[in-house]
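What follows is a set of structures to go through.
Common to both upcoming complexes is subunit A, partnered first by subunit B, then by subunit C.
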Partner chain A sequence: MSIPLDQILIQTVNGLVNGMILALVASGLTLIFGIMDVVNFAHGDLVMLGGFTGAVTIAATGNFWLALLVAVLVIAVFGAALQATTLRPLLGRDPLTTILATFGISLVLQKYALWQWGPSARRIQEPLTGQFQLFYLQYPWYRVLTAVLSAAIIGGFWLFLRHGKYGIWIRATMQDRIMASAMGIPVPWVHTGVFAIGAGMAAASGVLFGPLGGVTQNMGLDFTLRAFIVVVVGGMGNLGGSIFAAILISLLEAYASLVVSPAQAVIVSFVVLILTLLFRPTGLFVPTPK
Partner chain B sequence: MLTLTEVHTYYGKSHILLGVSLEVQPGEVVGLLGRNGVGKSTTLKTIMGLVRPSGGHVRFEGREIAGTAPHRLAHAGLAWVPEDRRIFRLLTVMENLRTGLDRPGMTEARRRELLDKVYAHFPVLAERRSQAGGTLSGGEQQMLAIARAMMLEPKIILLDEPTEGLMPRMVGQIREIITLLHQDRVAILLVEQNVPLTLDVSDRVYIMEKGLVRHHATAAELRADHAVIHQYLGV
Partner chain C sequence: MSERWMDEPWAKSEEFWYSGKVTRRTLLGLGATAAGALGATMLVPAPWWHAFGQAKPYKIGTLQPLSGAAAAGGKTALVGVEMAVDRANKSGGIGGRPVELIVADYESKPDVGRRKAEKLALEDKIDAHVGGYLSNVCLACMPVWEEHKIVNMITVCLDTTITTTKCSRYTFRPFDYAPAQAVAFAPYLVNKLGKKWHIVYADYAWGQSTRDAFAAEIKKNGGEMVGSTGIPLGTADMTPFLSKISGSFDGLFGIFFGGQGISFLTQTFDLGMSKKYKIAGDGAMTPSVSLPAIGTKGEGFVGLDRYIPVLEGPLNTPSHKKFFDDAVARLKAIDPSGPLPDRFVQSNFEGFNALKLGMQKSGFRGREDTMKLIAALEGLEMKEGDDFPQGDKILRKEDHQAFLREFIYDLKNVKHRLLEIVPKEKTLVPPACKFV
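And now, the complex of A and B:
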């Protein structure tokens, strides 16, 4: 069986676009794990809340960019409050307690969304409706824009981590929480801040994804699961690894959908997960030593 | 300045400190000697707020500090140089120093002054300022750990086995830096296995055994009376 080159190229573009949004979700998840050893099972629900906040803002103002900004800020503040009230008291406890806590938060957020916005999907109007010719396809510019924006947000965060006082605080806390606090770094607030940043990145993905797949109250679980796979494959807590893993898995899924149906192509990510756990249990890329 | 009264500390169910009492005056160098596992490091961790004591009092400048968050203690004037150095391995030397420098109330001039001071004492840190902390040798990491603590401009440094595993030449440098901090009127609570060094740089010495302070004397007295050292430390 031979597959035409143009189809492979189209799937490459698709894979990259999907991979960048997934990378944006996974970056926040891996960052939160890396700094406080908490697997945030409510992360996908922050994507969902971000999407709804964006949809509501667009309905009120008609401005996509304002909606993106509002969603990021609102969900970041919400994330900070969530961390300070529910996760901070559990720091250093058995991982099971934080898993249960974040799982509980996830359920509460979903039911809240159902109560507040109802069961039907909301579609966000894209800010850019043009298309360009990609072989035999009319490919929407907006999809390319989401990839570029996701990359820009991740890149901006990377620069923030590399330069300046707060970047040093976050990296020091990731490497050695106890020594960081002994050096005067307010570790509880660094945790809250990082959770807020992760939540803001999740909200941005929710708004960017809105025009592509719509926003529903139960979309969170899928995002959490996919981001979690990416984070495990990339190495828990390893930011660069997660970004590569997100792109890798999305590309493999895109290529797989050339030969099987897209619903079956999802299996590829589980295959990658299982192979990773079997042969490289600490992730494909050497994880950040702590 | 720093007073511990009948401090009890547990790790899980094991009782590590069974009522430790000691004090450090401003600008004083106090040695804390004892065999492995008698609770010397735990004493320092308890003071720094890293382990919460189950009983007794830890007072710093008259204020009860047991249970205070470590980052507040760091700003109040306590610094900790741990036994295993705990350099931030992926941060550069400069970034390691900045963890102590980037704090409220710092001026640019003061930062410059502090950096110049440690670079003058530890020229190798200036050379390697852009290198990752994890790439330094053991001795260089120890210097970085002490320099990093100095960035906090502490009133007291809790120094845990600074000469452990170092070459004799490096031990001499550690001795110099302790003397220098002493001249700057920084108090030091020094945990050591190196008895001659401790007796040499300290004003007073406490000897611990099984979670308790068993003996207390001036360093001069201990230098004259080796029987005590032999009794508790077997050297």
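And now, the complex of A and C:
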């Protein structure tokens, strides 16, 4: 069976675009795990809250960029408050405790969204509405823009981690909490800051995805599951690994959909997950300890 | 040094992480206050309750997904049941007895649904049940209603098998189902929109059975289903799967609900498919709560539904206006954007009213009269009016399936616009149920 080249190229574009949005969600998740050892089950709900905050802002101002900025800032502050009040007292305890706590937070946030905004889905108007011809399809420029923006946000954060003073604090805390604390780095505040950054990145993905599928109370569910797969495949806590894994899994799913049904194509990510856990349990991009 | 940093002695110290303390006294104090406030709320009876004196209330259970994946739809559906129950109580109850509605949230999960159904039957001792939303939950709970001999008036679940291969003597569906919708819509699709169709559907029981029903009817009317694409349930971004669809056909027919309905319409627009093909589909894709998110990208979509929120044509009646206004006010209370009523509000409202009518006709006193109630509901004729603002309908005796008129509509200026009415006689399909 031969697959037309145009379909392969279209799916490559789809895989890269979806991979970058997924990478943005997964980056926040892996960062939080890397520094605090907290598996954040409420991460998808932060995506959803970001989407709603963006939708409310855009309804009031009509400005997409302002909506993106407001959503990131509001959810980052909310994330910081959430970490300080709910997760900080639980750090250092059995991992199951934080898993249950974040699962509880997820339920509370879903209920809150339903109470605050009701059952209606919301719309975020994209800032770029044109399309370009991609073989037999009209491909929207906005999808390309989301990939570029996601890459820019992740790139900016990477530069901050490499060269910024607080970025160095974060890296130090990730490498050795005791030594970082001994050197005067306020480790608990670094944790709070990282959670805020992760929440802000989740909010950004919520706003960026809003024009593609609407803002609904459930929009985070699909992201959460896929982001967890990406984080495990890329290596828990490994930022670069998560980005590569997000692109790899999205590309594999897109290519698989050319030869099998969509229901079978999405199984590809689970197959990659199982193989990773079997043969490289620390992740594809982290060396397995001997 | 320990293998895990959390096992280090310094990490065990509470001060390292957190300096505040929640004492037992604070916790007990807060708990007592919350319990007191809740108890006080529960002790205050509804204002209409005094009118019934000592009359024993009918206990009607309603299972709804008020949390989890289907929470948004469940919350809207509950508005319909509450509207109908409030209306019944304000007009003297049923046979002079008030109705007590017992709401159970099944968290959008079949196992929880089954457990809650058991609780409603055994602990709450309900007399009858009205509700359900997700087909898998309706199917999971049907044996429970049968075991406890409780009439089950389902109000949203669309799975075809509920009134065909898995039909139950105790379960009734007072609204339409896919085979009837396909019979009603296929002539319009083939004769007015195009002969060749590609069906894109939510890949699970409801989507598959609806696809089969439409494929058969399109063929029967001289058209052709040239291909079909199943999208896994919950997939928000379906662009990689939609991108693959190409070729020579006239229209794309979508079978989705909730967020996936929004994704299908926005993403087919984004990919330029709505310029190339006619876009049509099941009415579940465009309820009022989804229209703000779909926006102008859904313009031109043609759908079929048992209910659309318009006050024109056969829906321009005083009883529909009354239903519409009450529903709008109640929906505004739960949703600041003020959506218009949809098929879920309508079928929950009319589902309770069908039960009420059956209870009145049979002189139903309690669960001991379930068989009398079933006899009254079988073949029940529901006349258009305040109880049934959608229109006349009949609950067929052979399979407990209702047949009602359908509305073909399109989306214009982000609103439903009525195009055609299909009378209930033109939606009939033969029964395919054998009660055990």
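We take it that the second predicted complex is superposed on the first by the 282 of 290 C-alpha atoms of A that agree within 3 Å, B and C clash if a C-alpha of one lies under 4 Å from a C-alpha of the other, contacts with A are read in each partner's own complex, and residues count from 1 in each chain.
Basically, a contact is a pair of C-beta atoms (placed from the backbone, for glycine too) under 8 Å apart; a residue touches a chain by one contact, two chains touch by 3 or more.
From a predicted model like this one, the values you see are computed outputs, not experimental measurements.
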Legend entry - Touching partner for A:Ile178 - first (subunit B), second (subunit C), both, neither: both
Inset, instruction - Would you check which partner chain A:Lys165 touches, where first means subunit B only, second means subunit C only, and both and neither mean what they say? - result: first
Legend entry - subunit A residues touched - subunit C or subunit B, whichever exceeds: C
Legend entry - Contacts of A:Pro188 with subunit B and subunit C, given as first, second, both or neither: both
Inset, instruction - Could you tell me which stretches of subunit A are touched by subunit B in one complex and by subunit C in the other? - result: 178, 188
Inset, instruction - Spell out the part of subunit A that touches subunit C in their complex, as residue ranges. - result: 7, 10-11, 14-15, 17-18, 21, 37, 88-89, 91-93, 107, 110-111, 114, 117-123, 125, 131, 136-140, 142-143, 177-178, 188, 209, 211-219, 221-223, 253-254, 257-258, 261-263, 265-266
Legend entry - List of subunit B residues in touch with subunit A within their complex: 48, 50, 69-71, 74-75, 79-80, 82, 86, 88-91, 95, 98-100, 102-103, 134, 148, 152
Inset, instruction - Enumerate the contact residues on subunit A facing subunit B in the complex. - result: 165, 168-169, 171-172, 175-176, 178-188, 288-289
Inset, instruction - Please give the residue numbers of subunit C that touch subunit A in the complex, ascending. - result: 5-6, 8, 10-12, 16-18, 20, 67-69, 71-73, 75-76, 203, 229-232, 234-241, 243-244, 246, 258-259, 262-263, 266-267, 270-272, 275, 288-290, 292-295, 331, 334-337, 339
